Amino acid sequence: MFIAVSSVILIAIAVGLVRAIRGPSLYDRVLAANMIGTLTVLMVAILGFMTGRPEFLDIALVYVLISFVSTLAVLRVHNPGAGTTASSVKGSGEQ
Amino acid sequence: MSELLGHYNYWIVIVLMMTGFYIVIARPNLIKKVIGLFIFQTSVFIFFISIAKVEGGTAPIIEEGISVYSNPLPHVLILTAIVVGLATTALGLALVVRIREAYGTINEDDIHVQDEER
Amino acid sequence: MDMVLAVLSWSCLLGGAIFLLIGALGVLRFPDFYTRLHAVSVCDTLGAGLVLAGLMLQGGFSLVTVKLLLMFYFMMFTGPTAVHALAQAAMQGKLQAVVDEHEPE
Amino acid sequence: MENLINDVLLGLLMITGFAIVRMKSLLGVTMLTSIYSLLSASLFVVLDAVDVALTEAAIGAGIATVLMVATVALTTDEEKVPRHTPLLPLLVVMATGAALIYGTLDMPHHGDPLAPAHRYVADSYLHDSPVEIGVPNVVTSVLASYRGYDTLGEVTVIFTAAAGVLALLGYRTRGRNIEAAGIRKQVVLRVIAKLFFPLILLFALYVQFHGDYGPGGGFQAGVIFATGFILYALAFGLGTAQRLIPSQLLRILAAAGVLIYAAVGLESMLLGGKFLEYRVLADDPIAGQHLGILLIELGVGITVASVMLIIYYGFVSRRH
């Protein structure tokens, strides 16, 4: 059963990777990285149970606590409204 | 078949290593070069940790009723190497920032052109 | 009792996996950034929540379950915050949504 | 099953690597790099290296991405097309790769318990550590005690890197608070940052002092601690963060950590042992080992945290 869930998570990570590569805007990439972060947390938790030593959940906890720091940092730099370094926005919608 | 799969980890590590190496030598952008080095060093980390793995083993934290553990020594080496690697990457990025301030560009080709003009 | 717990835990895990799959499909197939936000939210909340709940039932009364509970609690904060910040940034960055131009008859 | 996960994760890493080569937007590359390090952290868990995974998690999810983003912000986002043809580099890379793959053919298989790497010191570490050191986490006992001298060198390297970044970027300590302007409107982010800042610091302390029994230790804790302050600086501006923990204090702390480490070594020499021989620190050898490991992990944690913050301050306070 853990096998089923972990393969689903791997598939979802692969899909997120496709989205991160295809873009088209930076926001899509950040979103994909964010989703892969969540999935990694779940993956690590399930791996702990799979190997029979679930006490190593600290790794997953670290991710949950600090993964959105990088999201904030990217938005800080990229977001012209935030007033720090106003770089122009590239991805201008799809199609 | 097992002959092939037995080295799968190492081969992927080498592909990753070469990806980083390619970025470093083929791309003129200095930030890209630093990221190439980052990929290269992560591939070395994976290589060491792959060596440390023992079939059927578990994390090297001693517990009652477990007899097979993975090799802790590469873990120690890589644990410190990751933090040192980040510190040195930061140093590289700081150099990139200063180069940008001095030359106005982080493209290696443009920097060479400017150097020749001087 | 153990049987009931096992069945409950497995159904939580399976349900979570299904929601993760749905979210992933949405991230891949939806036409623009704003719709994809919805898909990611499905992963972040229901998918992750159910998987963690399933694991909690496996863990029983132990430190492991407390850690899982903490993870769940933090995730309920970080996920929506990150998505909110992203949506706001995209709005300010003038990212266009894909709109169906045809008015319904 | 674990082998399958291992293979799939390696495949995904490879795809990410190729995508990084092809992508032109440097911020996009930064996001891919963060995905790359997420994937490698999961791989480390599969390969039983929980301590390493914790370090990679703490670094890849936070500081590494933040630093790269800061550099892109100070320079430029777009990568120009290279002027040379990539043919020669490609050839060099192919040849090197082929040579390396040829080299692996003689290596023992992945996971082989009889491989030479496992036959010398590893067994003695695993067997002696619970008796000699009394710490369940063998990684911590090897890091802090058996190879303590090595780790002292690593901490010194980290300290030196901070000195290098300081020399290159320096500080603008003027209390400019530009960063707070943008986020003042983003109430949700500020509230969440305020909520998470103490939690991250608390968790860092847990990782610091629980390192004897589970994954953790000074290196990881230091990085997590610094990430907490980076979150604070991101949400409330650099000026506010510098009022909380001034750069002068950081410089003193970074040096103090290394000095604590070396002082423990000297103290054990004064008490009649060798350099960094902790068992002389207390009456009972095992208590001495515990005390020594606690102190040097504290030194490592202080140095790593302050070095990471020095580097962050250096990058962010530099505006063009």
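For reference, chains read A, B, C and D in written order, and residue numbers begin at 1 within each chain.
Quick note on the criterion: contacts are C-beta pairs under 8 Å (C-beta built on N, C-alpha and C of every residue); 3 or more make two chains touch, one makes a residue touch a chain.
Only a predicted model underlies this, so the values are computations on that prediction, with no experimental measurement involved.
Should one ask which of A-D and C-D has more C-beta pairs in contact, the pair is A-D. Chain A and chain D have Cα centroids separated by 19 Å.
In this assembly, the C-alpha centroid of chain C lies 29 Å from the C-alpha centroid of chain D.
Centre-to-centre, using mean CA coordinates, chain B is 13 Å away from chain D. Each of residues 58-59, 61, 63 in chain B touches at least two other chains. Within chain D, residues 30, 48, 50, 70, 72, 74, 189, 196, 199, 214-215 each touch two or more of the remaining chains.
Shared interface positions of chain A, defined as residues touching 2 or more other chains, are 16, 30, 32, 51, 55-56, 58, 61, 65, 67, 72, 78-79, 81-82. Contacting chain pairs (ordered by label): A-B, A-C, A-D, B-D, C-D.
Within the complex formed with chain D, the residues of chain C that make contact are 74, 77-78, 81, 84-85, 88. Residues of chain B that touch chain A in their complex: 58-59, 61, 63.
Of all the residues in chain D, the ones that touch chain C in their complex are 186, 188-189, 192, 195-196, 199. Listing the residues of chain C that touch chain A in their complex gives 10, 13-14, 16-17, 20-21, 23-25, 27-28, 31-33, 36-37, 40, 43-44, 48, 51-52, 54-55, 58-59, 63-64, 67-68, 70-71, 74-75, 78-79, 81-83, 85-86, 89-90, 92-98.
Of all the residues in chain A, the ones that touch chain D in their complex are 3, 6, 10, 13-14, 16-17, 20-21, 23, 26, 29-30, 32-33, 36-37, 40, 43-44, 47-48, 50-51, 55-56, 58-59, 61-63, 65-67, 69-70, 72-74, 76-79, 81-85, 87, 90.
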